[in-house]
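Below are two complexes that have chain A in common, paired first with chain B and then with chain C.
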Partner chain A sequence: MATNGNIGKPDINNSKFILYLGSYPGHAGKPMQAIARQAAIASTDGDLKFAVVDPVMAGGAVSPLVDNGKWIPIKPATDGAFVMAMVRWIIEHQRYNADFLSSPNLEAAQNKGFNSWSNAAHLIITDPEHPNYRKLLRAEDLGLDAPTGEDNFIVIDEAGKTLLYTECSTGDLLFEGSVEDKDGNSISVETGFVALKKSAFSYKLETYSQECGVPVETIIELAREFTSYGTKVATEGLGGTAAANGVAAGLSHYVLCALVGADNKKGGIIARRISFSKFGPGPRYKVNVIPDAPERKGMGISRTGMNYEDTHEYQEKIAQGEDPYPAEMPWHPVGNVNADNQALFSMINRYPYQAKILINWMANPLLAFPSADQEKVIAELKKTENLPLFISIDAFMAETTSLADYVIPDTTGYENWGIPNIEGNFSGRGDSVRWPVVKPATAEIDDNRYACFENFIIDVAKEIGVPGYGEEGILDANDNLLPLETPEDYFLRAITNVAYDQDPVPDIDDEEAKLQDLVGAKANWKPVDDILQADEWAKAAYVLSRGGRFEEYGAGYDGDNRIDGYFGCISIYSEWMASSKNSYNGEFFPGVITWEPEKFIDGTPISDYFPIEEWPFKLANYKAKFRSVTMMPNSPTLQDLGETNYIEINPEDAQNLGFNDGDEVKLVSATGGEVTGTLVVRAGVAKGTIASTFGYGHWQYGAESYWIDNEKIAGDSARGTGINATGIGLFDPTVDQLFGFSESVTGTPSRNGGAFRLEKL
Partner chain B sequence: MTTAEKRYAMVIDLRRCIGCHACSAACKMENSVPEGAFRSLVKEWDKGVYPEVSRVKLPILCNHCADTPCISDCPTEATYAVSGGAIVVNEEDCIGCGICIEQCPYEARYINQETKKAEKCTFCIHRVEKGLMPSCVSSCISHARFFGDLNNPDSEVSKLLAEQDCQVLKADLDLGSQVYYIGLKKAMEGNRLTEVIPG
Partner chain C sequence: MKRRQFLKLMGGVGALSIAASAGCLPRRGVEAPAEFPEASEYGGQEVEATVDSQTGEVTVNPDIVMRHSACVGCYSSCGNRVKINKKTGEIMRVLGNPYSPNNAEPHLPYEASLEEGYLAFSTYQDKGHKGRATICARGSGTLESHYDPMRILVPLKRTGGRGEGKWKPITWEEAVNETVEGGKLFTEAGEEQIVEGFRQIRDLKSSLDPEQPKFGPKANQLIFNGGRGDGRTAFATRFMAAFGSVNYYSHAYS
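And now, the complex of A and B:
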């Protein structure tokens, strides 16, 4: 939820208990290596306990030799039921941290030893007749004086007095009743916490347990553990719970950690991407600060992060007296406008508008997006009436790139620059950097400039006259405009900012520069003297030589508190979500997390269309060890280690079907797609689950031959092994257009869940 | 390069291994191991009865046995132990007969199809002699592998053997294996319900 900022990741080294829900320590994660090392060592030598709640046991840090780490199997796409059961038990048994939750602002929470705050005690307007129904109550609703231009939320203190949230140190967490405005009108309200409690109490633990397949006693054990170590607990989740009902699981990470006040605490949740100044107005250069830059405007094509009610379509229907619902295609008001999976389905349906040019950079949507790897979708993407011009910038002849009108060759990690974010599991401030250690294998377009994404962007921008590129490209700290003609013009200056931020780093010594062959590497770049000031290179090189700049291991704390973090409000109640509507049935979305089974966009449970008797399996699409989502089938070493992937099921399911390990089977999706593969029967797969890794099932990426001008690049069938199970994910049958089954609030695709069956070949 | 004869050994802490195969890949690159072959690999299998299931990760390599059939049965004496006990193959003397491959109880050898010679793990002796760790040790992301001299009581491996309950694979063969595992006994308990292929 964007309103919760980029909160962070478990502080594994100092934590006592971590719940992994949608990520897997030692098997995947960002960064995989640091998480693996910390989790394996802390659970073996230290006293860290952890649980991985996942449909698939993938090994990693889970071992029969480590009693502190356990795998808990769960049915795919039922994580919401599991977390609501935990929330219910924690509230019912008063295991939540009331001191934290009743603190309605940061200062109040910090005075009680916490280092974050939530809106659990803030009041919500529950009166359907009120114009601000479902919004948080504000001073303006009561006619109270309050600062203008700010969100003046209201709480009730322990004495029953109505106060601005900033003026109250302890709010009444459990208030439910009415307040009076200055004219004496009564407004019915409840706190965010009460709303959460009501949602959690909608079902019994036994019901939640039946839905998710995790026994009640296991749920209680995990909830008890999670609430047994104060703020030294954390949760982590990545895409592993991505499902068409995955919003509750995604948001549960904020809610569970807020129930114990773990954010920004040592051993709790620590913020990621805490970096030195690199972009923006840095100490030496103002990288990305572009005078007279054109404003980004217009409507994103993704139908996501936007309200259907703000569209012309809606307004025209209203003007003509029509029922505005359903929309022509689904809108996902609380998601991110950059939702590329939704953009794909918009483009092939020319809705909400026709795409004119698609520029793809190293992405491979056809393999990456659920439901996309099917003939029907590919055929639509090929049609020029849907997509008149398609340019792909790629280092590989990937599946999506193979359909492009033009392919711009790009470089790989050894040939190019980068300043990737540090994604957590490091408490200090840091930036990693990557510099080209070899000359790019792509064409030299002019002196020391090679075909790649950056040069394409620079040259196109110069050609069409976009500010911020060319001779007057980048501002230095004194507002002199310097050239941006090459990737190194950009990256070396950003890296110089990193070197000079706070206390500048030392100069590199000559011996070290020689050892790293920075001298040799430099020969392939634009002359550094033309980019940096004379004294800057020795410091930039110091950062390059170390692969980045990092504070001391273990830095970043002030006592028990993490210094940097997200200090905005953690939303137990999301006003944004609560005041947004489903674009098909016009119903409000819940403002707190809640359990819902998978439903199509019009609200029909998918089991109404596809009964479980006929479609007994849900898909768990998980990370392959030796592949990324779409990359790396071209490595011979990784091919040796992970030749192919499989269709994996639980032994009891295999027995019921009369199937055996090694059988050739067909996986059939309820809306028509199918793939065939080899069955693996193993105990580490939850019942009712088809487990299959992503990253396999390539039909391009060098698996097939292709031609560059008159040169045939021969295909290598070893790159095309295995299946892409998520590619045959469901289409939504309640949408007229070809539309991949998605979560209604945020547009998250159905990577897990759905409705499938297995047939023996 | 101090006093007595060295005795190299490896200790692998099975509790820490997470099965990432960084060792397998690093070994292939360090030693130019041909496609389809491995000198170092991690075997994995699911252990337990649903829903109480976990995963054994068992790194395997040449055990550099003190008393080994690959030396005694080699018809050309191509296989021999270098200083420190690491067992290597002299490529010039190897005739590629494959007897050592059949005799090795740890399945740790293969024929390089290009050279038609037997190849195997050398404990990365070319690195060790320069003061580096074997590549599988220095690439281990979870610090599960340790390497050193058992004749030095202060070495990490000597201390681990003294402090931890370590076992060797196929101890009943009594070949004098120099690859020790922490947690092997528990890892090998019970039936292997499922063989899991890496990946």
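And now, the complex of A and C:
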């Protein structure tokens, strides 16, 4: 969650125990093959143990050959109950690392052998009458002198003295009581840890167990394992816990690791995406610094990462003396403003404002966004009054692209440039680099310029005079303005930054340049001499020839500590969350993780609308091994390896329904969506779960025919097999508009969970 | 025989099928031939190099180039090693990048020569087996996506309603001019509405809604949605910053 920075991923090679919750090692995760390899080696040659808590048994690194890895089934969208049970047991049995949690700042924690810190010992104002109710207590609240312009949080030390968090090495973790300000007024407070404890103790282990379907003894066993190896433990979760109540599950990864102090420790949680300087101001170029860039203003269309209380709508209602709640459509104050799913539902409802031009670039939101792959949504996207100009930049006639007004061809990964973040599970610094290894197949625009995303942007920008493009487009390190007219202008300079960052890489020698046929490659680019300084090319070429730049195996540690990482505060208590409100009922959100069942935006549990007796199943959406998100239904090899997907259920559920493996069945969502598919009955699916892989159910991407002038581009049905179960996810019935069921705090879509039933055909 | 039938006959398990599709299916339970058969007999490919398994001497095939780059089979940013026929410019096969920690365990030192890259797939000191640089099925599949006969190669404009599947090819200049200048763009589809182009929308002064100025300028009515983490997103964020719109979206939630 945004409050805690990008903390990281398990250090598999050095860890003793890893809890996978919402991520399947070797089946999902980035990169799945590296995770599979490392988990297999570490758990067979080494002594790593791992547990995968997931509604679906997906294979991967869990196999009969691995004694140290196991699968534990859980009901979809109940991860929050499971983690709260773990937290409760860990606190109840004092298995948490009090030395770590009581360290109120980084230096204090590092002096005790840790390499991160939390606000577990920081005080929270719990007095509802106080103007800063629910906020963390600050020096200003007590009238104490403190540096201006900083957050001067307060802790109580072991002697009972109130201190600035920076001046205290060990705080009282369990304090709950009152403090006095300088005028003698008393303020009721408690620590973040106490707030967490209260939340965890809201329910008994048995209740949590009943909610999530994981036996109490299993929860205890996992909690004991997790707290048995000091800081050499980790957790991992990705979209697998994305659900309309997923905030607890998402944040639990931070909380669980903080309970043992595992962040930035060897064998614990290590930061990923540690890269060389590339697009920012680098040693040679400042490629993403835009000369004379305008100041951006206003609110994003996504209704996320911003407060409803800051809108005109709210203020107008207050001015009229009306109850400001509910808002016309949901706002999600603690989310990421980048919430792509929310932006889509804003556009089709023209709320909070009208979109005029949509550029969709190599993305397929209709298939990717839960609830979006339904006729009702498609019909709204087709209306030009909702979206007057729709441009899609794509290499294929994907579902979303098929609805566009204009399609601009894009290049493939063999034809274009890119410097992607190297994803998790490498401890060192690194960048993969992609470059055009063959000549683009797209239309040649002019000399060595081919139709693609970058050239479209460049040409549009030049045409209307957007700063940062054309002859004076890009800055070198000395602020000289250089042209930005081709993708090479941009990427070769960024790659040169990678080459020169820290200790520059070697020059490529003539023999190796010949081996890579760099002369042949350059024949399709703008002349490199017009882009780089004479001495730069040999180093940039060295980076190209290795497909990037990577530190040596095992790099990135100083003794037992990871060098790079997130060193800000890990929020056991999120002040941001605690002081934000639900835009429909005006209630504050909790500041610590807590268990809540799935609820619609107005706070009604979804089971009140859709009783479990009628809608007995929840969805678990997992990744298909032989598709890649919405991509590659057009690969015949993958079609052969994974012809279609299925509707998968547990044998007990099948028996109760009288259904058999291989039956043709209809999956119906409680708000009207339906798909038909083939039933697979297997014990690797938790009870009450519909498991289905994501990546099938294409109805375009070449599955359907289309016409270019009078030429029919004939569709190939092999691309359109299977179903897209998440696409028929719920709409929120408490919202007047067409709105995909989402988590109220952050706007996370209901990728898992919901309310479904099966019908035999 | 169609590949699908072939695989069914072979009992197509994952790894086996990959090998089959690449034309290098191991022949099990058969005596080793006295002489190594011609590769073409089994649909195999010309090799990129030969390696002396005793001395490790590498002899590179001058007609084939092996380039190290990055895969976009998903967004894990693994590396790849692309086998290209120099004469035709065609990609023959894609493998893992032995220099990338995402592909190999352990990966080659950064200073290792390109010759080491060839050895990493050879029988010399068993390098091609232990810790071999791999690419997954998705990574292999990208090659077929690249050569998809239905790839879009020229700009298209709809000539029917949205989603009707009726298009016409247009020139690059038309695509740029029409989207920049707007106008009555869809008369061919029987639509009379006047559409605002990039030029009209890039208004940094007027409020998009004068009654609700907090929403910001009209420029915010340009929405960008790019789903990928393929190492090009920085180019997209740069454009939206330069254009002056806050509405940049990527694979944040979905």
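Operating definition for what follows: the second predicted complex is superposed on the first by the 758 of 761 C-alpha atoms of A that agree within 3 Å, B and C clash if a C-alpha of one lies under 4 Å from a C-alpha of the other, contacts with A are read in each partner's own complex, and residues count from 1 in each chain.
Quick note on the criterion: a residue touches a chain if its C-beta (ideal position, glycine included) is under 8 Å from a C-beta of that chain, and two chains touch if they have at least 3 such contacts.
Because the structure is predicted, anything quoted here is derived from the model rather than measured.
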Contacts of A:P388 with chain B and chain C, given as first, second, both or neither: second
Contacts of A:I41 with chain B and chain C, given as first, second, both or neither: both
First (chain B), second (chain C), both or neither touched by A:P636: both
Which of chain B and chain C A:Y706 touches, first, second, both or neither: second
First (chain B), second (chain C), both or neither touched by A:N645: first
Which superposed partner A:L65 touches (first chain B, second chain C, both, neither): first
Chain C versus chain B, contacts on chain A by residue: C
Touching partner for A:Y490 - first (chain B), second (chain C), both, neither: second
Which superposed partner A:F369 touches (first chain B, second chain C, both, neither): second
First (chain B), second (chain C), both or neither touched by A:P749: second
Overlapping contact positions on chain A, where the chain C interface meets the chain B interface: 32-33, 37, 41, 625-626, 636-638, 640-641
Residues of chain A touching chain B in the complex: 26-27, 32-33, 36-37, 40-41, 44, 57-66, 70-73, 624-626, 636-646, 650-652, 661, 680-684, 686-687, 693
Touching residues (chain side chain B, partner chain A) in the complex: 13-21, 24-25, 28-29, 35-36, 38, 44, 46-51, 53-57, 141-144, 183, 186-187, 193-194, 196-199
